[in-house]
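Before anything else, here is the set of structures, which you'll find just below.
Here chain A shows up in two complexes: once beside chain B, once beside chain C.
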Partner chain A sequence: MEDKTLISVRDLTVGFPAGKGDIHTVLDHINFDIGQGEIVGIVGESGSGKSMTALSIMGLLSKDAVIMDGTVELRGTDILNIDHEKRRKIQGDDMTMVFQEPMTSLNPVMRIGDQVGEVLKLHTKLHDDEIERRVAESLLSVGLKNPEELMKSYPHQLSGGMRQRVMIAMAIINQPDLIICDEPTTALDVTVQAQILALLKKIHREKKCSILFISHDLNVIKEICQRVIVMYHGTIVEQGSVDEVMYAPKHDYTRKLIASMPEQLSENISKDPLIHVKDLNIYYRTAGKIFTSKKDRMVYVKDLSFDIYKGEIFGLVGESGCGKTTVAKALTGLNTDIEGTMDLGGTMPQMVFQDPFSSLNPAMKIGKILEEPLKLAGVKNKTERREKVNEVLQEIGLDESFAGRYARELSGGQRQRIAIGLALMRGEKFIIADEPVSALDVTVQSQILKLLIRLHKERGLTILLISHDLNIVRHMCNRVVVMYLGRIVEMADVNELYDNPMHPYTRMLFESILTDKKKTDTDKITVNEVRPLKRDQEMCAFYGRCRYAQDKCQEKALELRNIGTEESPHLLRCCLRIARDE
Partner chain B sequence: MKYVLKKFISLLITLFVISILTFTAFSVIPGDAALAKLGIDASPEAIAQLQEQYGLDKPILERYADWAIHALQGDFGQSFNYSRMSVSELLATRLPVTIILAVMSLLIIVVISLPLGMLSAKFSGKWPDVVINQTTQVTMAIPSFFLGIILTVIFGIGLKWFQVGGYVSPDKDFWGCVRYLIFPAIAVAIPKIAMVVKFIRNSVLSEINKDYVRTAYSKGNDENQVLYGHVLRNAMIPVITFLAMVVAEILTGSLVIEQVFNIPGMGRLLITSISNRDFPVVQASVIYITAVVVVINFIVDIIYQLADPRIRTS
Partner chain C sequence: MKKRNYNLIIGLTITGVLLLFTLIGQFWTPYSITETNVALKNAAPSLEHLMGCDNLGRDILSRVMKGCGTTFFVALLTVAIGSVFGTIIGALTGFYGGWLDRIVMRINDILLSFPSVLLVLIFISVIGKGKYNVILALGILFIPSFVRMVRSEVIRYKEQEFVKSARVLGAGNMRIIFVHILPNISVSMLTTAAIGFNNAVLAEASMSYLGLGVQPPEPSLGRMLSEAQGYVFNAPWYAIWPGIVIVLIILGFSLISEGLRKMTES
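Our next item is the complex of A and B:
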């Protein structure tokens, strides 16, 4: 369908000054085309040059970047080596861009309407009324309701998903020939990700524009792209149709990218509970007002009951804001305002945090960081502490030399190994891993997960794995609990849950997963941005978003009921009896 | 509206606390007005008589209650030092001068710092930035009284642009007063300009690398459009707080300049009154100054709300 070439990149080579007149090359003779109306994906890990490629095409390279060689042609005219004035005419008119972080990519002090309309103000001579009309139209077309009201609001009043829709509305309003999307769904929840991808497909169908789609996630690329380019260390290592690349990868790196997740298969888990939580409520205090003694104490997590068995990996999933991290904080004692029973079985839970870049003290050497838990435990002997540090460093796949380094000298994967090592220092048997790999590249992810599985097997570690990534949870966990707005909505053995998801929310989550299996129909995902209910309301919390919702759902508080067997319980908090295969 | 009320109540509380603090301070420090007026050689009877006349012999709580009741009606009593003048009258002549001086300094600061700060940020690392940086470095280091002396020598004695010591009261000739106050205002402003320029520059530079700026460029804005259309308002938010601090400082701290230029403002009144133990005047001055600072904070809060929509809703 694409007989005409829209963008043609030839020998693009870009670098940054690295001092002493050296130039550090970040893009090395890149060649590819984007056809008119084509969706091309670029996949690669961070630092592979995929964003740099997008910025080069868009003309947004930072001032110190050096274009060393090559051309970028738009319909046969070079746009790489032209002056700023000509460049500006193309930006926002012929091509637009959607960025990764919807939370920070909009101007916080400018009204939505002005921000979306700005493109038209810059590139057309339209009247203000006409611009306003077009903005409203554009907001409607990306699935946002009440455009008039929305145009008057500010970015902070919108959710992440809504902001990304605004960004897309901004990108399509002037009907560009090319939309560059740089990781547009990476910062979003899975359910929202699926909606945004569906929206982009719809736009592509209707507007017939080309899309350059950048992602580190092959499943996302496969979902939306026709052709894919694989980048590694600033070069293109493979390109071709999605099917060719995905199902018959030629290059080693591509194979590594596609290579599946590590799998843990320890079937015979004891039923001996290590952690026992019963009817736990977790509260947050909002600042009390002066002059009134009333302190707002908000229930954030409610009626939490579960056991974690000795030696199992227990998964906790749910979208952001559902209370996953709050549960982890309560278990580790970082959140003390709780009611109910919490029996930790004599363990002192250790935590592995999400962001390895900011959770290690940059001013301390790794050895010192690792020693700290021992010091706190009262180990006075220096050599004893050193020996223990070295021992743990070996165990997490690093060597003794790391003790003398600082966190900034380490890669993301190495840092996360240190974070895991830190959790092991005191020989505790229970670890809470809160999104341990979501900040890492795919290939590094699988290494870290493998490490966790190895430790789990060798040390008999019990792990509470918190993740929004349903694929990881499926491969890693024995049992899974799904939370929605501070409550458990479903809990079962991993296979039972994935084969027979019974709660409408769980089903919605699973429909949003992009797996390596081919899917024929993805447009059915409902666009649903209903504001959630307050946490302390008694009715079904999912009511507003539920596609099976009925009147009786509003009536009363729901209990968890067992719809499985005594042997392997399947707990569900839903009043409906939906057929298993519906 | 609720917000305004809340702020107003907090203003009242602040004033109340300050009044108690100054009252206590003056009862604790040795020496009182009677002693200061009559000198250390005065007979104990004479002192006792004057103390009785001023009401200094009553217990402190009673004196405070007396004072507070009158103060609420706008009556701050008689000055011990300037006889035949009520404190309110005295303040009414002094306060406007200080306020005019402060407002003029602020205008000069804003009008000069804003473009310089933006220019400095836009060309960061290039020659305009270097020149501005070097100049502000120097002016920041000059104390304002010295600057005042230099200005007096050059523009007063040398060029005769204003008459040295020829202060004009604002009631008689407002514009004459303004003209006279221009140079003192410049002396107050120059060291502050240096700080504000640096602050604006850093604030703009920290905004420039944010994601929304990249978005603005991607729409086809040129550098000036991005800088003035997108960055400026975001960068001004911390600057507003800084400016409020500067204004409070000017209002309470321009006393050296008042001495140098012979301006009968609040600063000079306060100095004389403190050394004379002219308690009613000091008390009222401190209350006024506090009120001004609190009111400025109140105004800043409102400007803040206008500038930053995120504060408006939370």
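Our next item is the complex of A and C:
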């Protein structure tokens, strides 16, 4: 595979002016090759220069960027310093790019057909009919059905996964030699992510093109790439075959990246329920009317029953839209439109939000933000409040000087520490962490998770951890509940659930995680994207997507039943008993 | 590399000098502002009377100094009424939404769709003329622009996670609105207030010009312009000086509001 080099990057150094004639270097003497038909991955945290490398190759660097040194060659010809016209030709014919955000990288006012065909219009002299035929072909090859109909629709009519497929169709239509994918699956659900990766592999096999795959997620890289480049602070710290780098990392940073999964919890927890939820329904008002009545609300989460034991970490997983956050809102009192029993055991649940950039008030200093819960609790003494703030700051691994800063002066990880500190200010015993690390870099993620585990151990903190990252849940939680479309479909101890998933949806979730044990055969996953059924129906909500679906699934309302033992219950909402090895 | 905010610097300088000028005028003026002197009727600017004298022989510099104070006083109170009530109404309607919001916004639209001078005229004809009535009328008419701005900002912030975070901590609605949300929009409020101040200066000038606002012999910049219009040809300085000061006040505050806007954008 190395015999024919497609792209060769030598000593590439790029910087940005930092004022007063200084230049801030973002890429520092980068050297690597991409062979013909090879999939190369670049991994690193944000700010490591991954995207800058891609943009340099594509010639999409912003005008401010200064190329200080080096060359980028395409089949032996320099493409770094060429004029606009030649560059345009290369961009259309030889290489294309798939971006991270399928929501914003498609033009919202252009029909899908026109957008996908745009490249051909610009770079070939093909007739309109021929272009249309090629677009339809391309859409079919990325697994989208009914291309004729799809070509007439607009991006907002498509789901995130479909949009990313359209982006890929757009990228491959003119049969480029190189496709650069910049975090193409980061914005997607795990199940959709696995489908997109499988699709990229299929395209690679069929079209024999090279792919430069950029991701911060090692598991994704491991899944798809042949060779991997590890970047850190604008330099390449290590490169080699996937197996070499993953299983015998030479550089410290690579080891840190690989080791950034948190330690596993293994301790016995009490069976003493702290939180008791029984038959809880949570509603949302449907907006748009002046006078709303009870009829205008829709049930978003139905028949929710669970206990959270004192001192455990309880995991809640499911894809976006399944009602995870809605449950958190009900428990914290942000959504009061509920029916059923909710016993909070005298606690006042505190919440750590997903996005640390919007969960801290930008107009207040950190000290004031942290003092607020004490003020609300009626602590009048100023010095007492200050002391408590300093105490908590130390506990979350920051020092007293942070009290005088504003949130915007802090990094994402530091902000999330503050958000955790805020939840601890009043010494509450129960906190809800709603996707607490999904907005953070991998290495920072593990620090925050370690902080949560430490607090859990030291303070005996009970945590409800909401996450779509099944690896994190496995490492952190004692028990796990899986939700689908507003209902619990399965609940069990973490080991039982991961070893013996019984619900078809849980299995689908697990198949889509990319574990480090084996390379899952992602080609096998062929789940259609079906519009989900209504939430208030009685029959199995997963019916439309279930690969084991039978006629009897439509018949009756389903109860959660215990298929485990009395001692360690394994609750399941499915009318089928699927054999373990099916 | 930080660019200097020249708008703010120049605006603050102009306004600062004017405020000093006005402040001195409240305690000391070169001549009496009411004493007339037939011999000096429409006297041209000279070393004794730097800005000249008016139709009754009064020193224009002294009257401008004093009149500036009246104008500032009226404008400040107007903006105060408008911003305090506007902020409270806007914050509450934006935060709670629902039918209250709809009703208030429709009233707002109606008030905004008439020329404000016309509305003030109607108002004055009902409650009578005079400095304080003009302040009241203008103040009420300035409420809608604050309501609109504060409401839209509150709506923007109320769904942010820090607001939810405060609620989870147990903060009540009033505390969330006034302690957590409003500090975030203080700069927008200052900008709107600066623009409102300009409009108030102009409105006071026009009201006094029409004879409805400040009553003689108390000087105000608008009043002086109104009195000067009969003498534009034989004593142009009578109209020019108050006019220049009005222009400077407006320029100063416009630059300040522009500067504040730039400051928030960077």
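In the analysis below, the second predicted complex is superposed on the first by the 568 of 582 C-alpha atoms of A that agree within 3 Å, B and C clash if a C-alpha of one lies under 4 Å from a C-alpha of the other, contacts with A are read in each partner's own complex, and residues count from 1 in each chain.
Rule of thumb we're sticking to: a residue touches a chain if its C-beta (ideal position, glycine included) is under 8 Å from a C-beta of that chain, and two chains touch if they have at least 3 such contacts.
Everything quoted here is computed from the prediction, not taken from an experiment.
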If you stack the two complexes on chain A, which partner ends up touching A:T96: first (chain B), second (chain C), both, or neither? first
Can A:L376 be said to touch chain B (first), chain C (second), both, or neither? second
Tell me the contact category for A:I7 with respect to chain B and chain C: first, second, both or neither. neither
Please report the chain A residues shared by its interface with chain B and its interface with chain C. none
Flag every residue of chain C that touches chain A in the complex, lowest number first. 1, 99, 102, 160-162, 164-171, 175, 179-180, 183-184, 186
Complex interface listing, chain B residues touching chain A: 210-212, 214-222, 225, 230, 233-234, 237, 307-310, 313
In the complex, go through chain A and note every residue touching chain B. 58, 60, 84-85, 88-93, 96-97, 99, 101, 104-110, 118-119, 122-123, 154, 156-157, 167, 170
Where on chain A does chain C make contact in their complex? 19-20, 290-291, 332-334, 348-351, 353-355, 358-364, 372-373, 376-377, 419, 422, 425-426
